[in-house]
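So, here come the structures, one by one.
Shared between the two complexes below is chain A, which has chain B as its partner in the first and chain C in the second.
On to the complex of A and B.
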């Protein structure tokens, strides 16, 4: 009866998805071979993989389980008279041409620059209904963890692995450990999903999740929209975890229903029945557990040069002299020097130059609605550049249908085309050396938003409040409701 | 890929925690479609001044560290983006191994596929290696993949972990894609039992 006992063992969401995709289970000498349901491809991390396929005379095994888009090196500048987004950077233009040729030669659907569905790879997957519970999803991009919000196992891979998946639809993987992050309680006004994940990373550190797949759970996670859950899972990698997951529930199913790639009719009913089996079983155990109380969270902001260097917005910059660990002291010293900030000072009231609302973390329609609601009837402060960059052409159209673009423009913000934009600064959108930005993106590494640029990561609400005042501002000050 | 077995080399110390892949190679160098020629861009923002001249204070620009083949980084080396350009830049800059107390998952995977050995050592050994490299840049250590050891000048051999499959591939120059392709029958059987979950062509309307 051993097999019966084994079948009864409570399993986590991750363990179920993993087991359902084992082409070969892991052994002492060999890693597992995992089947990949969906492979997302973009222009920056795929060219060398396609070259590898060509060199070996290989085809793409499952072109219809593969989707390509353009997002990283694409400009977000307005369209010309012909409705075309001009690419002035010759190297970027060449890279986009290579993406077009690869998609055409290998028969992969491509959302070309400026076409109806183009956008950031982690925005378009869910938008199209391609991201579904229980799937394995990979992309040559570390923020693939975003798709875990649907109860998928989704993670970033390198270009060699992109070639592996293109050619075989499989990956060689060692099974990661599991970590449960429970966020109990309820968020106060002005505190958002972005603040939850920044608080988590501040707590566990940028390496805290290394080797783990995280499952986010608890009342505060459950009550988030899909977009909030995506924001959280998106930044799993900033805590070192390759993947973050949230168990699928009615919120998940409602989001997927009716989207182009979602199951229809009876297939939908069958799919939902299967998805309901996925959540972690009662009694299943994790290798590590972390808890957080949402009631105590404030809007968060980073002060340093990695996403773990974050604090409540009302806090004071930590003092390296108070740090006992010499390597941490060194890191904090170095970060504050780069940021040109002094210990024990607040960030509230700090003058900034640029506000960026966008990126795969916070560029979805709900982010833009939230931002628009706060800026409506107000102005971006004199001397501040505010960019609003929708995550996809669909988000852009939706926002325009709701008139959000007019609200942003009336306030003095720039309304751009869809793309990664200033999150990665390889597309013309970037900070100048020395500038300070409050950014809704995911990385505040040195030079991430432009060589010499300095980034404070925060939520869209904090970003907008800051744009209006021109100095770092607690968004709760600008909200109508009392708190 | 060339097999890696055993090599002796000098160390370049870069004892900074959480060195992210944006530092190893900034995103603006990712507009290439080639994996070669990225060595000059390794650590570009730390290595060069605003006017493009070499920053004399950066370890890779110091004459005594020229030719070092082992980079000793701080804890959590290679965090951040999935760009395989990071190991391409490091191998392009002449490195055969990086030593740290632990590596970010994606970077480690990428390094192993490019003949760049991620060597994890305990914090004490890590500190000792940094001190050795800083005090005498001519110090040589031996990295032996077969025995999974780093041998220090005093003869002490410290073991490091590596999964059996990656070790086999590196020692024998086996390419991992070749292994996956050899599993054609098993992959086909899996696909026969599991119809595709999604069709990306449905998004084309």
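On to the complex of A and C.
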């Protein structure tokens, strides 16, 4: 078997994972049938899929390879005296009940609201050790690309496809093209994984990755923790890519080892040996390549209404009149009107109303540690609301064990329950019309965080520095003071 | 050849402005979905759209979320064809899976304005806009099969019913 593998032409990480899951290879006329190892489910995109199964008398093909959680419409308000997280919205409560019924009827494990393992779907998969190298992972959620940080092929699907995977554990797929994004060099102080991915999207644009699976590589990517790699892969979809991947290495294996669903004993050794075969072979080629120099990166921030409208935090808002492409000029003009910003002005010093630290992009323990370290001994500026929303109950417990919640509360920030919260503003956590927010989430679309709300996307460090000053702040200034 | 009114939009129109996330669990009926289609992009759309109308857009239509309501809201509003310079991958797949036809045609959108009419002949594979003729991209047999069945799940059910193994 080993010699057979070696005899093949050099292959990319993606090509290996793809080939290992082809139930039926792609032909000229027919797409491939791809086997799915792990199907994650949440309350928002699954109800219609379960309804379809019921209406058509279909069963779930592999309930044990399916895991459900609740995250989008769950409240993140603190627990009441009885330790219960109150669901105020009757429609949200009804939707959570539907998720419970569907999980029970179809025999799918569920991390229910208020239970120990509940959290954002893209936080809990890795946390449980369910997300593993070489797997195919899908979820009715575009940020499923997060799991690619482990060398899995992970991507979002629509609700029809959720039904298809529930019924068959397979998907019909055309093989995507491959793109290598190489980030060489080392990040400077105050520059993080979030800044890398915002810089990548600013470079390739929100449609630049369409049709591709991206592999992130290079020294700066290898140096990141698993949580940093997840932040990068998470926003692959914001560049239009089908998925993002990072080759598994010792950092990956150390993260997975000992987690509840991780292989144990001899099975672990066998798994690691297989995972070591996954990285892209020497000499393998990609359909497209992009390079960035980490040494040149600064903290990034968005100024517009899509994640590609980003710039270094010390930069100046672009001028639509300098844009030669008429449709880009139109889009920029429209974005600046929505944001009520003027061209050629800096964002540094811009007054903001809300700071949101959370979402599947930046709500893991390392994000909260970074945020806490910066805010310790300082205060959230008067008139600014700062929310800290851990990605899962487990992250919340860990943070509380380390006393991070006390640091946030002492600074005047809100410490909340786990969920998607103000990233998508479906659960009542939302901006008021006209408010400005610096958010560690992934989308700055019009109305995303509340109708009329205006979002600047940035790293947790930039978000915290901004909360302290009440105006958009370069986190490096605050780090010089702190260290 | 059939005549269709068009609604014309720009680049990078995202799913949040096509169908806001907050409605994905509060609105369920076709009429409710249709009533909020494009709410944050074009408030005139939901009230003015008529069955058979076509959306004409720029690059990367439907970027963002995987939510399929961003397709079904338009479908329930009577839009069965979208024409764009390009689509996001997820949105394109969701269209096919819902039996809505996404056509990638370059160079058309600058020739028309909202309210204009274009002509479509799918049998002949042509679209005519402002006197210019455009070729409709050929659909692969598998995509054709899903569209003919009315979507992905109806196709799957038909195959299960027929006892097919794949």
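Annotations
FYI, the second predicted complex is superposed on the first by the 472 of 483 C-alpha atoms of A that agree within 3 Å, B and C clash if a C-alpha of one lies under 4 Å from a C-alpha of the other, contacts with A are read in each partner's own complex, and residues count from 1 in each chain.
As a working rule, a contact is a pair of C-beta atoms (placed from the backbone, for glycine too) under 8 Å apart; a residue touches a chain by one contact, two chains touch by 3 or more.
Here the structure is a predicted model, which is why all the values come from computation and not from measurement.
When the two complexes are overlaid on chain A, chain B and chain C occupy overlapping space and clash. Look at A:186: by the touch rule set out above, it reaches neither chain B nor chain C. Once the two complexes are laid over each other on the shared chain, residue contacts for A:240 go to chain B and to chain C alike. When the shared chain is aligned, chain B comes close enough to touch A:128, but chain C does not. Once the two complexes are laid over each other on the shared chain, residue contacts for A:35 go to chain B alone; chain C is not touched. Of the two partner chains placed around the shared chain by superposition, chain B and chain C are both touched by A:157.
If you count the residues of chain A touched by chain B and by chain C, you find the higher number for B.
Once both structures are placed on chain A, chain A residues 23-24, 29-31, 33, 44-45, 47-48, 52, 56, 58, 72-73, 91-92, 95, 140-142, 156-161, 163-164, 167-168, 172, 176, 206-207, 210-211, 237, 240, 242, 306, 308, 327-328, 330-331, 334, 424-426, 443, 445-448, 451 are touched by chain B and, in the other complex, by chain C. Remark: chain A residues 23-24, 29-31, 33, 43-45, 47-48, 52, 56, 58, 72-73, 91-92, 95, 140-142, 156-161, 163-164, 167-168, 172, 176, 206-207, 210-211, 237, 240, 242, 306, 308, 327-328, 330-331, 334, 424-426, 443, 445-448, 451 touch chain C in the complex.
Residue ranges of chain C in contact with chain A, taken from their complex: 10-12, 14, 16-17, 20-22, 24-26, 40, 58-60, 63-68, 71, 86, 88-90, 93-94, 97-98, 140-142, 151-153, 156-157, 160, 166. Those residues of chain A whose C-beta lies close enough to touch chain B in the complex are 23-24, 28-31, 33, 35, 37-38, 44-45, 47-48, 51-52, 56, 58, 61-67, 72-73, 89, 91-92, 94-95, 98, 108-109, 111, 117, 128, 130, 132, 134-135, 140-142, 144, 156-161, 163-164, 167-170, 172, 174, 176, 206-207, 210-211, 237, 240, 242, 260-261, 306, 308, 327-328, 330-331, 334, 424-426, 433, 443, 445-448, 451-452. Residues 15-18, 20, 22-23, 26-28, 30-35, 45, 50, 74-76, 79-84, 102-106, 109-110, 113-114, 163-165, 176-177, 179-181, 183, 186-187, 190-191, 194, 196-205 of chain B are the ones touching chain A in the complex.
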